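For clarity, chains are labelled A, B, C, D, E and F in written order, and residue numbers in each chain start from 1.
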């Protein structure tokens, strides 16, 4: 079955995809047609059902559908001209097969996460991390959540992967400088984006929640720490403040919606590690998804520049 | 007894003032002298004790002292040349006599506050306001706290005065536009700076707390709403989110340390009312404290411009 | 007759609308067709006349036309597929029926305007306001002019409505602060946008004039004050300067094209009141025109954010 | 008699200078002393009269005084230790000898000005220039006014010199491009800063007037054109608008307090020519006043960088 | 033969043009069609070959083709509906006839260039200019290269024309100020954009090279000076540094990708002259290409404003 | 002998220090005195020689002097009241004892440097690194040079230490992402600041050279790569361009004086690693030099915020 990323103009295709968007429209001559967006792990494509006949079965957004048709180029983008479409029954597929996910081995990431928690020496910080990551409701979501709606890590287990890469970078920085509180950096790295569990809805939607739009993942993360710390007897107020500070300051500057800028070296490390991973993952995703071997592979809107792939 | 704002070069003065700063120094010839800063309701002045003799009694920062000496001009500022100084006993004065306070009648402000709370129709918003302002520990502080370390409303009851002026402005805006949720605006106006109770320490210090520097009054206020809402049975989650949004967004733009920008008209009103009062109180304080009748009265550093006083 | 705001896909429509745009084009096959834009009080819609036959009468831009046809969706927007179109004779309609106008009662606004002018105590300011608003040529236009080409108050009597709301807000601020010259604030509020009479052409065009593009409404307003003040014997030069300052400074900052920033509290009040109304009217227009009861109702390009409608 | 720019530490000096500042102060021991600022064409120096005795005659700010004393270094600046001081009678000196002035030959500048006016072909533009520069009250001031309070051209005839250099540059640009209206550029260059006659008071003060602070030289210049154009029969409105546009737009960008940005090539030329002269005169003044032959000669605050003098 | 700039809707056209772009596409019904872009000295136009038949010969990008067809309007732009197309043989045309070029007389520009070089008095600067412009490989390219990919001077000999206009402006500034090193300014003007020979590929591509994207013309120009200076015995290091500084600083500010800002008056002159020509050439190109006689002729995206053409 | 960092008010001191500044001045009474600045590894202090007598020997800037005197507080800073001063002979001390230096073991840093070079697989990159670091003149300076005039790493071997920490961080990032060219990152990290050898003069001056001010270390580093690459047979042009790009882009954004922004992931890594070390070293220097155990330890001007030291 063809992956969407491999479709080419003039291909004749039969395959199963997740329907992410569907709208009934009318053309100039008043004839009905349907516009859809199809998705699998490898990408997505717009499709048109120009003629509505027997081969066009009932289906809804977020159904997985079996589709037949041809690939065209329309206004410089590929378009799927659909001749047949049928919804599959929910028990006949695994939704996760149709959503992009982390390329890393999740089990290794999980082991790494718990080894990090075990390595914490400060008992309050350790207890707090356990309260969060041993909380089944939280952990179940943390394992699969994305770290973004789009841009980078916008896939299943993106949050887990991002949190652990940030931790790797943060711990490396702890080694290189004097007087850094390693436990605080580690907790900051693991928790800095925990508010994304509330800011973004679960897959397949993976979109901003009301709460996300009104409060945001920085303050939601800070609030989670506040609530969890309350449940731990004698949790030091100053430690709660420092952890909340690290989360609130991790975007680094006011203009990136941080209500505080990093004021201790631990908060600065978490911010820098997060920023490093954001920029580098963005580039890695662009480089690995490009079919070019080397040279300028296209314009990146986020970075606002052409990107060059190097191959010595 | 002379108010500091009325001291003039060459005055011989005897008076009581609050000592805000004290340091033992040495002059070029190795002789000890003491540098102090004295304050009353009307302002503050630097002082020097050039010669340490019997008339110079023991005193500490935040003591009220009886002082005798003369007023000089040194590098374009007034300076108090102190000949005698004695600490008063704590029961012989009221500290609040030596700290600037609101020019408004506090009792009228209090009545106004409770009338506003009574006017709320939504039972959950009303209950939340009562949980905050009927909480004795909070209310006692709210009555006397400043709204700033300096800049504007940096005096006793400044927070109370500011919150109520913002409410006046916010309610006026509610009248002028369709479809505004008045109860939400009112609660937002009264609560928007409530986190300043934690951000700034009480008088006579009135300085940024650690918590203030690490978390900030926007998130502290949002957290207070979160904690109080939890104590109210069935408090609607969406309402809690909206109230927190209003507090988190009241600085209006990211660069002023708001983690969210106003997304509903109620949050926009609270932001605008707060901004109006900040700018206008700043100007009012400058105009009323200037001895000039009209014309350009000096440069305002916050606004970065010369200010003109008008008298038709 | 159907209001444009109420048209839906697949409607068959017959109605009268103002033609705002008309162009003869050719399709791929070299066949002529006509593209138009139709408007009424409630909004506007693009239309196509695909086939030019007897039912397509002569008509020009700014004619009111009787139209028959069907409503389609084209590239996510509604489109009027026109089968018949005829221009109405000029005496058979009132142009103002086809242009959006203020939702407020104009007579009440007028009464309010003159009560404000009557309340002025300073004889020179009062005389100047009378010279402006009792000038028949000015007043006739002031009653119907918009306050903007688009964005907010872009409708008949928008300037009148905006000027009076700004006045309401400005006068409220006068009450709340010491030492504000009320007469100056009032005149500033009423006159701050008077230059828009020259900056924007009258309806139905309501577009930037050459003068508007080269000089702008701030300087045009300042010039009007200059010219009117000259006609009043003994008009104090300083008062003329202050009034011009208020008008020139009402955008608040250089980057919003103000050649001066507010330097007296009166100019600051006019600027803040204007800014309040601009932001809040923009939101009010979006909230009242949205069919949604509550929740996020769409992205606002001017404010660059999603907007949330609240309904407790 | 020693020029102030030539004074050195330990010099014993007797000379005549203009007193720009005078204040009676008290030292630590309560003894009176006087602080002054003295000026001549070459620069200015602070002075102190430590002991007030018979040799210290009566004198006021803006008097020319005969002074005797010695030159010291105090906190890295020269200071004049005054032993004797006497005011000269007003008829015994020419105030202009004590104020810096243009290094150019004024008569040549004047001839150049009138040759430029004569060269104008458009009769309305020519008439307008004559109304301005043949107006005796304006011309008398134009000949001596500075073009700035400080920064560059802050000397007698600075405005004349600046206006003519801008004209030279503007006319050169007219030669190099197609379709430029030379008369409009010429008038724009000569008139662009004419509002400085009102913005800055005459020498010896040369300081911002109230009008300057409230209205500014861009709008004041535009207003002068407006008033003069009215006196010329049939002056084309469009031409008045273009001339006002050029003056209002000559700072080039909103953030430099231009209410309009240049929209025609003629306005762009005037803006660029003005900007060129501002930057280059600033550097020329710094280079010619530096005693160094070459190399880095110091930090320029306006340009915010070290400046290098080149000598091949 | 019709120039592209003169094509109008409904024209039937037969002519020769350069093919700049070609792509085989499929329409909705799966039928192949070809999209092209055609260009001549006067401009460019999109074209479609809807039907691929015998009249459609083989042709490639950068071929000159003979084309027949009709001109339509599609989505507000002209479009060439192509019926016949044939590639011309390479020896039957001069590629330069199909690319826009400078309107100036190239021979006069060349004479002017060498007269400028001859006028240099400093022997090292003169030698360096000769090393560059007498280098046949460089000079051959310099004569025809553009000064930009688009925006302004994006035509054959654009670099030559731009360099000489900048020189004219720079030399005029040298006349007007004291103490400017004319030879350095002249060399700076002639060399400031020399790195564009490497930054942009030759015509007909005229696009950014890899080197251009990775290094940029400022550093490439500085490097050329470095390499050429090395070949001149005893070339003073300080002079090399100054020339490189002028080239590196000619964009004036960091945000325009200058790694240094102008620190000597000579660098400032080159920067200002370059900036003047960039802005004015942009406007001249817009004014001369507009068919309107006067008035607002359209929106300029680079300057972000409407442009007004003046005709007194 | 007392380290400057350990001096306290009222100490009587005898010690050897490097004289960094010396000026002969006159006090109010015309008496000569000398102002100096003394420095050792631990910091620096201002000093005054109020009375010039036999104990005051001849000495110059950059001499090491033996000094006797007392420590006072003057305007909140320590001041050294010097009674005796004598220059030591040059052979009686090691200048490096009086200049701050890296706290790291230099031999370990050197070993690390060469191990990194050995690890390079690409023969051209390896050869280029050897050409630079095996060049005796370069290497001798590289070992001792600072990485800054002030701010961070402004000490002996600061450049070496900084380059290696950046390398550590860069190599960690190489491990974490797919498809990164490790050799290029490694070379970029080691070479990114190599231009500082020319930008800053050697110790004891450690100040900006003319070349540094006119060209800057980014372009100077790029030029060094250019010159060294030329000496290596068949060095690939594209590789030279990439290495120069990495150096030119390492400040990340135009406003930080990078003429190019990072366009390949390798350049991005070098930029991020450099930025990480700059921010974290700055904080580490502040934390380790503060005598406080924890809490807010003062305002950092570069970061423009109060800094908090954490101690769990």
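Assorted remarks:
Note that contacts are C-beta pairs under 8 Å (C-beta built on N, C-alpha and C of every residue); 3 or more make two chains touch, one makes a residue touch a chain.
Just so we're clear, the structure is a prediction, and the values are computed from it rather than from any experiment.
Looking at the partners of chain C and chain F together, the chains they share are A, B, D, E.
Of the two chain pairs considered here, E-F and B-C, the higher C-beta contact count falls to B-C.
By residue number, more than half of the contact pairs of D-E reappear in one of the listed pairs B-C, A-B or D-F, namely B-C. Remark: rotation between chain A and chain D after Cα superposition is 180° (nearest 5). Between chain D and chain F, two chains of identical sequence, the interface residue sets overlap only in part, with shared numbers making up under half of the total.
Chain centres here are Cα means. That of chain A falls 44 Å from that of chain E. Between chain A and chain F, the centres computed from C-alpha atoms are 41 Å apart.
Contact of a single residue of chain A with at least two other chains is seen at positions 210, 213-214, 242, 263, 296, 306, 308. Here, these are the chain pairs in contact: A-B, A-C, A-E, A-F, B-C, B-D, B-F, C-D, C-E, D-E, D-F, E-F. On the chain C side of its complex with chain E, the touching residues are 25-28, 30, 210, 213-214. The residues of chain B lying in touch with chain D in their complex are 9-10, 50, 70, 72-74, 81, 295-296, 306, 308. Within the complex formed with chain A, the chain F residues making contact are 122, 125, 165, 168-169, 172-173, 176-179, 181, 183-184, 239, 242, 261, 263-266, 268-269, 272, 275-277, 279-281, 283-284, 287-288, 303, 305-312.
Listed in rising order, the residues of chain F touching chain E in the complex are 210-211, 213-216, 218-219, 222-223, 226, 238, 241-242, 244-245, 248, 254-260, 263.
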